[in-house]
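So, here come the structures, one by one.
Shared between the two complexes below is chain A, which pairs with chain B and chain C, respectively.
The block that comes next holds the complex of A and B.
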């Protein structure tokens, strides 16, 4: 049996809603992954340090506060700066399609908006983080 | 120095960890934290949430936090926890804290991994009875009655004290500390007790004994892991009809070169107890 994938689920920004993040965390857990849940109000530095220390395969970041165009790119930058951009970084929240397209150009691997089927998210994480695991070991 | 922290869910282990990390950092010590949560036996997934209470230390270079899922390992820790503690120690971290799963079962393995074991108790939960069971008295170097702000906290303290008075100890006598982890109350006293225990371990020569026991324990775990997988394959096979479980066990054991003899059911080797009821000799 292979080691389960390890995913950091984080919630950034100043809004206190982490229901979405908790649902994702639970879905990934039920899909057999080890989910490291960090709680509310994480900064990009905290999120990336957590992922490195936890040897995570992926980071899922939920943002509902509207600050997505600043926070997501900051995490991408941090990952590069720390030499950790092999970690699959994906996000979720109420994010307009144009913004999502721009974020993907800037290195966010996928953006899931409310109503995205959980199975789709699980499949994405399994596929992309599985590939990373094959490369990095 | 490694510190193990066990106790039932919700007693405040993670909050205590955070308070101890803060204390250690204030003393200029680097810290590693390993916290273990259970894996789901069904999906093998896990939700590891102990980090939440340590958020203030996420970007502190003097603190390294690793969450572990138990991955089916019993005993309150994960199979790789001992390795993680060793690595953090070898890396030069001054203090390594280990938070166990805390399902309240026999989490005695923590005592094999850590120099000092803290057993956290929840006031008003009847935990003092738990303490009498399952060898908790054997592993607790320090009892921590957390949530000292709880109305039943003093009763809990009296119960533990009364129980300890019934016992006579060889070597270290467990200390009892009241804390309010959330407010940071009692953490200085807890740290002082941990220090006293460390001094005792070194002065008494028990540190060397513990190191040897920990080594033996880890060797045992590694060997057992391999044997267990072989055994799992062996018991999957078809047994002759009419064979009772005892006879079937002999058939399997014969494949391992194990001779008929020792009783399969019964306690393992006895260890010298740390505490016995007064009046017994």
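The block that comes next holds the complex of A and C.
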């Protein structure tokens, strides 16, 4: 692969819990990826804009405030509207299993809940964003 | 015991030749042991916060301690052994379960339930929009209304929240920081409408903005104007609300953000000292406000480390308050604190195991001498807790208080070679952090430089790595896993209908109130924000009584102060 994968790690809404997002950002960076951390309180529009401007291969969104059923679908909609739904969109947080299943049905590629091994997340991103890179170039 | 008091220094008994011979034999035997292997064996030589541990502790580890200077007796300076002479024999800790969800009506029902179950005081959890200063119908609030706590948009909601509850009889803790002064104004206004004067109100407001920049990230204004608001609030409450704890300086969120125990201790106390200095700089006498400062710590899963942290906190605080700030009133020297068990130690996997974790953490808090305690519910890692799980959490405290007998002797671990050595190490690490913070020029400057944020992110990543490598075991997560489906347990859910209903409710408040005082009180508030000599609290109470919404009040203040944005580091 010529250049490293680029991943946007995002926090949305009013949720200030950034421990997990920062740990994931560090782990992806340590795995050789280029990581753009959006900082807190981003709107779905801003997150998708950042991903497009940064030519990102993936977006990882972290939500621990309970607003996941509102904010994840809004990011999916934005990606579609901007014609950017090839970007691999995944996320994590305190998300009950049936909500996670529903979000996956609506276009979120993976949901990682507390306790998910970092390596599993790194492997997922490498695999799925790598596939995207092959397709999109 | 009398013989020990006679010795002027040193905790160690005189080491006899026989004792030394025993120690030498132990060293030989210990060196012949084989360290166990398998899960968790990579971290047996250190605490959860990576403080190195010996296999066993003895008199030599505490010989530098001076009994009178470092330990004393319960209720005696420096309060290492507790702030009350009789500990829990005279008075148990306050069992205070944090609660709030949905709208004020739903939360009011939960409060009635908790009071009926024997809880002593109320503790309000607000939702994210309320914590960040937005009304429920603002676009920033979408998806967040009522999720992490209760939505309080105006005085009307505060009145509903306390319907049927005697506000002059209970104590209320309110966990809110950015808009803390507004929440206090609403609480005062709601009580006074029921005929209860503000002087009779007992409780605590968190109002600790510094830890928001450090860890929890629920800020509104930049640090300097926020400090002014807090000083105004402390000055006002000191004068007019003798039963009110004016601020709860919080390490809980610092720990949840991934700090070590020593960082939690050091950063929290540093924040506390920053407030003390700010109030003194505003001309207040330290003994006028210090007795009503209180603290809020995390109780994590490393049992002895937590106990040592609590003991060290009291000792450091007493020394600084007396020797650095010149406090003369012993009440100013005493660190009083609330504790909550560590949310970050709970696991989504096998959530029932969290009941056990909480029980150990609660016991550490009690052996550390906490004044009040919140025990987390087993399902809080997944969602807001159900009534059943809240009840188990409260029963956990009751079993601890009434069945285990750990309450019958004050500071039962005092004099333990290990606990004393660890207490001392905690103090040493905290002092080292104080020096680093001083090099930045103070807490606000260190925040602006990103110092705390970076220290915490480092610690959190180091910890996560140790879990990944299985140096540390988390039962059900990286060992002893089983296939399970998390949705098997009942969860409390907040509906989108609730959000729409709350949005309509605040719109109704705006439509039905008298508009003239709204504009007038908001204008006077903005004026006061520009005049550092004008205390903001009376203006906030006027705004609240005019049924200005929280979002309107915050906007008026933002027009003067601006909003804070963080430079993010990871």
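We take it that the second predicted complex is superposed on the first by the 136 of 137 C-alpha atoms of A that agree within 3 Å, B and C clash if a C-alpha of one lies under 4 Å from a C-alpha of the other, contacts with A are read in each partner's own complex, and residues count from 1 in each chain.
In this text, contacts are C-beta pairs under 8 Å (C-beta built on N, C-alpha and C of every residue); 3 or more make two chains touch, one makes a residue touch a chain.
Since this is a predicted model, take the numbers as computed values, not measurements.
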{"item": "Combined model on chain A where chain B meets chain C, clash or fit", "value": "fit"}
{"item": "First, second, both or neither for A:70, with chain B first and chain C second", "value": "second"}
{"item": "Touching partner for A:25 - first (chain B), second (chain C), both, neither", "value": "both"}
{"item": "Superposed arrangement, angle subtended at the Cα centre of chain A by chain B and chain C, nearest 10 degrees", "value": "90"}
{"item": "When both partners are placed on the shared chain, which of chain B and chain C touches more of chain A", "value": "C"}
{"item": "Which superposed partner A:122 touches (first chain B, second chain C, both, neither)", "value": "neither"}
{"item": "Chain B versus chain C as contact partner of A:53, first or second or both or neither", "value": "first"}
{"item": "Touching partner for A:39 - first (chain B), second (chain C), both, neither", "value": "both"}
{"item": "Touching partner for A:84 - first (chain B), second (chain C), both, neither", "value": "neither"}
{"item": "CA minimum distance (chain B, chain C), superposed complexes, angstrom", "value": "6"}
{"item": "Residues of chain A contacting chain B in one complex and chain C in the other", "value": "25-26, 35, 37-39"}
{"item": "Parts of chain B lying in touch with chain A, wherever the complex brings them together", "value": "39-40, 43-49, 51-52, 55, 58-59, 64-67, 69, 71"}
{"item": "Chain B partner contacts - residues on chain A that touch it in the complex", "value": "1, 4, 25-26, 28-39, 41-43, 45-46, 49-50, 53-55"}
{"item": "Complex contacts: residues of chain C adjacent to chain A", "value": "128-129, 131-132, 134, 140-144, 147-148, 212, 216-218, 256-258, 344, 347-349, 381-384, 457, 460-461, 464, 468, 474, 476-478, 485-487, 491, 494, 496, 565-566, 568, 570"}
{"item": "Sites on chain A touched by chain C in the complex", "value": "9, 13-19, 21-23, 25-27, 35, 37-40, 65-67, 69-71, 94, 96-98, 113-115, 117-119"}
